[in-house]
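In order of appearance the chains are A, B and C, and numbering begins at 1 in each one.
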Amino acid sequence: MSGKAGCWRRGAALAAVVACLACGRGTQAPGRKPIVIGVSLMNLSNEFIVLLKDSMDAKARELGVQLIVNDAQRDAATQVRQVENFVAQQVDAIILNPCEFEASSPGVDKALAAGIAIVNVNSETRSAPTAFVGSRDEESGRIAMDYIARRLGGRGNVLMMHGFMGQVAQIKRDQGAREILARNPGLKLLADQTAEWDRAKAMALMENWIQSYGPGIDAVFAQNDEMAMGAVIALEHARMKDKVVVVGVDAIADALQAVKQGRLDATVFQDAKGQGSTAVETAFNIVRRQPYAKAAFMPFQLVIREDVDQFQRR
Amino acid sequence: MESDLILQIRNLSKSFPGVKALDDVSLDVERGRVHAVTGENGAGKSTLMKVLIGVHAPASGQILFKGRSIRLRNPHDALRMGISMIHQELLPFRDLTVAENIWMGQEPTRWLPGWLDKPAMNRGARRLLERLGVRLSPVTKMRELGVAETQTVEIAKALACRAEVIIMDEPSSALSGREVEALFDVIRELKRRGVAVLYISHKMDEIFRVSDTITVLRDGCHVATMGTGEMDENRLIALMVGRPLDAAPPPAAVNRGDVVLEVRELTKAGAFRGVSFALRRGEILGLAGLLGAGRTSLVSAISGLTPAEAGEIRVGGRVARIRTPGDAIAHGIAIVSEDRKQYGLVPTMSVKHNITLASLAKCCRGWFLDKRAENRIAGEQIRAFSIKVPSLDRRVTFLSGGNQQKVVIAKALLADPAILLLDEPTRGIDIGAKAEIYAMMRRLARDGKAILMVSSEMAEVLSLSDRILVMREGRISAELSPENATQEEIMKWAMPS
Amino acid sequence: MGHAQLNEPRSDNSTLRRLPHQWGLILALVIICTALSIARPVFLTIPNLVNLIRQISINGILAVGVTYVLLTGGVDLSLGSLVALTGVIAASFAHPEQYPPAVPVLLGVLAGAACGAVSGCVITKGRVAPFVATLGMMTAARGLALVLSGGRPVSNLSREFTWMGSRDVAGIPILSLIFFCVALASHVFLNNFKLGRYIYAVGGNENAARTSGINVNAIKMLAYTACASLAGLAGVVLASRITTGQPNAGVGYELDAIAAAVIGGTSLSGGVGGVGGTILGALLMGLINNGLDLLNVPSYYQQIVKGAIIVGAVWMDRSRER
């Protein structure tokens, strides 16, 4: 496009886009300004976070609240910037799904300094927010390792697959698992390595472990379901699956299906839906000056074959 | 002018795997004199120079600089001593200014360590350039300069390094008429200042005009050193080649055939305008002119690399639409470009692959390459053009300049063109290989090929062409016949009015 | 000498002459293998070696693909994202009782080819530098993968589709047979086909290639399309192996692929290299991963060791050349 005609066309297109955005703002409740909540999520390429977001959207629609959702793409600096933008826009409240314990804390500080309520969801930061909704990741590690201990009768060789080293979830789940290992001297941790939450990497890692330890493997604890699935597939190919107990965390759809089919021994359910909707509800209550819980911990739940159906419905 | 021996080379020997490049060479260089070093390709000139500037370490022998034996470990050592080289392929820092180029590596600083003293740089540069008799603003960016000016800046740079010996490698190869004169003026100035100049060249007339002493190398050995006054051209050639060269045969009577290429009002903004001429089968048409006259652009347009904007090209009587080199090749036009490094050769490929590149269809069965056929065809070309190479698969960069040029010519001819465009075909090539290329061109013309040759060497143009066109500022200014024309007359038509 | 008689020029068998250039690399490989067999004897067993070739297959396919592009003097940073995108696309068509497995495979490869053609156009017609153009494709393709999949892995794939990523034939993983076929075909193409020769010419000296009548733009398009098609194939194969189409798959795969090719002797400036070297490079990288896992080297150290070995292998190889 060139010249005047192009200019007009571009201007019209821009106006149309702006109009659409304006429409998308939603209907206003008569006489009352809708509540606007800024949400900064850790990483929308993560299935769990996507579930979190979906439940937040649903709750927001139910309450007539408007959400501005940002994706920090696993970068704490980006997240802090997003919080600053929310502050500048003067949102009513902020929901933060922190990337990092330390590095995301400045975001919390800025929000509080500006007098805007901030609710942490799923992970903690060093700075204390107005409220916290989440689960204790150590719990999931404990639950998973405890199940393994029970299945193995307190003795056997265990392998552990880590998520991204240094992320809060990895640190906490590792902590919880090791607590149980310490309590069960008959359980030996043969090796632990990171597979970075990734199914393909976990598969390759499992294949190499099978070479290293062969029939000496009794159980594998993978800190998330994607890695657990990778381990399961590798074990199935090596025809070793029936001798090895594999446990994951998250209870994603694929894993639940696998537990149902008896391929994955167990997973640990993290209530993404509950966390998301409670976070929105808490923020709503804070703004409306209604009573709210300063800290809401949703429990992790072990999911084994018999339980799958009820979890699939959630 | 006191004549002092500033550089003495004693019994220098240097070998590379498979070849003895220098064999017991000795040479004396006097302060304030121009010492020409000449010889065929492979004679050892460039190896000798590389040893002198510290790129190679000699296997045996000595270099005495101002009477003291020196050991050069790298070019930096040589520069510090005062030995500097102006290379044939100039590589200036195009986006930096003249002054920055001149002072590169030894910039004056002030205030903080490392803070460039730009005014001092510009002043110093201006002084050096004036000393060389050249008017050039030190703040001009190098990319705005032509080849001749770039070369002068290089010489100024050598002076800035306080060079006492300046080696010049084929300095006039990229220059034409007037600029060569300017270069000689600069050299005379250098002599006055006591700088010794080692002048490497194949050009007989220049050697005789500018040098005081001539040294001839052949096959890595020192053959002779004489004062220029005691030498004459035939004797020099005989010493270089080891046998007397036959005088260039007169252009044989050729059957000049029909017009194969006709160009009408060919125009390209900024390069050439309204160019029209005809080229016949069996004819060698020389295109003379100064640098910048538009000859290379014209030839590049006809070959499809940078197509013309207006005008017509007719091949064999029919209008030919030439917008890519592929079109030109399809019409039987092949070009040997002026800059073989940029346009002629693929440096990562072997001699064999380079030769067959423009005519792979000949070595193919459908889309599949027939390697045996390729070997055979390449072998034939290598024999036909006497290309010196131990193996077809040797990388083309290992060949001497003359042999590389032959590879480019062989590649062009493999495509069986009816029309051959040659742009400076003998640039940077020694006398022996030149003679071979001249003979080749005459043979091709006799066989019926039509040849358009661009050349800045008047002697070459006069001796080879059947007809001469002179280009000036983008237009054809004259058509001359070699029987009546002289170098001066060509110059006259080539100079801008 | 002078213009005296010419020694009859022979043609050395070109593959034979090229082999010595990779001696440094082959030496490095032998050293590493020996060291590993001593430290962990299980390394030299058939199951582990089969594991090894299975694990290098996907990176291998990508590395062969990127070799085409590197040979023309370009680069393709979008490979990892293409793996994710094509994996998602293929998986979406690979549910049980849906289409025969040839359909998702074909669609994945074609999706890759389409992206490669787009990159190629931007680079040739748009005259955008390959680094920038493929960087753009990298982010766009990743975004598209997330959009098409809704951020979730596409699971529930048919047995027929996952067959190729999981089964063996005569003890060799099908995955690896695919890699081998791709490598062989590419080697034959680059060495024995006119177009293959033109790829080397364009990378060696684009201007000289142009004056030789080669359609440089067409050759570049060919290279980028071929590379992206192979990335598409790799994506399909990966989805088959991990039984899901993952929008997050392949992060960083392009760097591993380029590393394998460069280690194997393919020059980043173009015109030099080939499939043989690339395979050796991929082998070296696979060896390192496999070895470090067998030795149970902690993750942080693995990165350092990997970096050191890669630089060391290339240094040994290049210093031999000089």
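Definition applied: a residue touches a chain if its C-beta (ideal position, glycine included) is under 8 Å from a C-beta of that chain, and two chains touch if they have at least 3 such contacts.
Because the structure is a prediction, the values reported are computed rather than measured.
**Student:** With a step meaning a move to a chain it touches, how many steps does the shortest path from subunit A to subunit C take?
**Tutor:** The least step count works out to 1.
**Student:** Of all chains present, which has the mean Cα position farthest from that of subunit A?
**Tutor:** Result for the farthest chain: B.
**Student:** Hey, which chain is the most central one here, using CA centres?
**Tutor:** Closest chain centre to the overall C-alpha centroid: C.
**Student:** Any idea how many Å lie between the Cα centroids of subunit A and subunit C?
**Tutor:** So the centroids are 33 Å from each other.
**Student:** Just give me the whole-number Å value for how far the CA centre of subunit A lies from that of subunit B.
**Tutor:** Chain centroid spacing, subunit A to subunit B, equals 69 Å.
**Student:** Averaged over CA atoms, how far is the centre of subunit B from the centre of subunit C? Could you give it in whole Å?
**Tutor:** The separation of the two C-alpha centroids amounts to 43 Å.
**Student:** Report the residues of subunit C in contact with subunit B in the complex, numbered from low to high.
**Tutor:** 1-3, 6-7, 9-12, 14, 17, 191-198, 200-201, 203-205, 207-215, 267, 270-272
**Student:** Touching residues of subunit A toward subunit C in the complex: what are they?
**Tutor:** Subunit A residues touching subunit C: 44-47, 50, 162, 165, 191, 193-194, 198-200, 203-205, 207-212, 214, 226, 229-230, 233, 237, 252-254, 257.
**Student:** Using the touch definition from the top, list the residues of subunit B that touch subunit C in their complex.
**Tutor:** Listed in rising order, the residues are 40, 42, 219, 241-243, 303, 305, 324-326, 328-330, 335, 337, 342-350, 352-353, 357-358, 360-361, 364, 367-369, 371, 375, 378-379, 382-383, 386-393, 411, 415, 432, 436.
**Student:** Which residues of subunit C touch subunit A in the complex?
**Tutor:** 40, 42-43, 45, 47-48, 51, 54-55, 146, 150-153, 155-156, 166, 238, 241-244, 246-249, 289-290, 293-294, 296, 298-300
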